[in-house]
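Order of writing sets the labels: A, B and C. Residues in every chain begin at 1.
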């Protein structure tokens, strides 16, 4: 439903590199829709036995009892890697099937630095909120994330990049989305939280990533 | 009930000592069970007129109204030294009989540094949460902790290492469990909280302690 | 009711002075009673047109809805200078009659540094909690605190050192009680909060004050 206005933004990193002060793009999702989202084009296939996913996210939706999609990676038939704030306030990671849920502090109108790590070997999953790690939970040891899908922010696709529900959409601001195909240490994630930019994401690097914007999403460039 | 898979882990400190970065073992209790626990083998008898017990603990159980066993030392007929988070949210120390209860901040999914001191002379008991001491309470002056028992994490034994109840079991993560047979000063406990490793526990020293794992408990080695 | 066991403690500062590490006495009130209190013997008469009163206090009573006496100075017929935590959670200063009430953070099991200043000239009263000043309130300009009474911690005397009510008694820990017959600056009080010991109280100086203990109160000597 609704018309998709597609806009390609790339080469942004080049123009930013020339600026004196460090700049960063930020995605503003101003309202509830069933057609606004941003596709992230990864540097390599999401063919992973482990990962770290980080983002900075601010939303006022957590005041209500509503699902909020935070990250969706979908292949043709499966939700390969979804991150949700659930209707009951918990946070969920879903790797192609049932998820694992965490009790974390609520997202709010200020920016929260949210990271998520998972490793196939022992199946250890953990969130990191503003640099502090949650308990580890055992989740799908031996599983692998499959390549060949699309990563989007702002909507949850119930089929391959279609069938969005506005009541699950994201409203607010997302920036600094980075992904690695390995687990960063607690100390590294704490350093990222306070603004260190190393190590750069080897699956997504927010500084250079190509973004494909659909619908009503504003791409702001902000000074750091 | 259920089969106990027993696994011996020792000599870990040797392999850890050779690593460049300091490492630490952490115990992950992933789910509610009536058979998963870790036995700690002390360096000396728990024959004590005073003690300091410290641990770092993270759990999401405190969201609910359920007892949570944090530490159990049981001899053949007595719960010699048990530490509980009570169903009403308070924290309790039990030395062979009725306990003493404290109002402390709730445990949560992030790590809390919890210490407990007790001295037989005046019977002064106090908790320390993230380096801050609670009020002191007078509890069992003249009492002594008796030797000859077993120390376990994860379950409360209602008889000698049997009769566990899943509704009292620990879920979450425990690490850095150390015990001294004397009372550490407030300043020393604050230093331990921020990562100082002195003085080493003379009853348990987490760096070298032998752990005997039963059931579904994961032993993670994490960078510090 | 009940027998009063009276114990005189003085000369303590001499023995403490010889210790290597700085030490401090702390008063532990372990339980609700109508007969346990500590009398503070001042260095000079409480004959004052201004004062600063400081103490470090920890209690779990603030979880409930109960009056808690924090400081009582009573002459034969008047409550000359009382400090209360009220049943509704507010804090009150009473100079011989109606009081002035403040909304402050709740006391808890960890130590709070509480100061109170008042000056007769403008009648300005304020609390300082962990070094931060409350709003100032105008209270009894022109009034004077009268000499000839007794200062006690732990109970509120409804007549001259009699008629205590257990439901108003203090349970918890009090230390570092100092009083000056003038108003300290905000900066000085902040310095006291973080452990500076200057200026010494000229009405009470906790390092040298004579304490007269009645009933079930433990005097602990703790390292700083």
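In this section, contacts are C-beta pairs under 8 Å (C-beta built on N, C-alpha and C of every residue); 3 or more make two chains touch, one makes a residue touch a chain.
Not measured: the values here are computed from a predicted model.
Looking at the partners of subunit B and subunit C together, they share no chain. Two copies of one sequence, subunit A and subunit B, touch each other mainly through non-matching residues, since under half of the numbers at the interface are common to both. Distance between chain centres (mean CA atoms), subunit A to subunit B: 37 Å. Each chain gets one centre point, the mean of its Cα atoms, and the points for subunit A and subunit C are 54 Å apart.
Those residues of subunit C whose C-beta lies close enough to touch subunit B in the complex are 26, 28, 30-31, 58-60, 63, 108-111, 172-173, 218, 220, 222-224. By the touch criterion stated above, subunit B contacts subunit C in their complex at residues 102-104, 122, 124, 127, 129, 132-138, 185-187.
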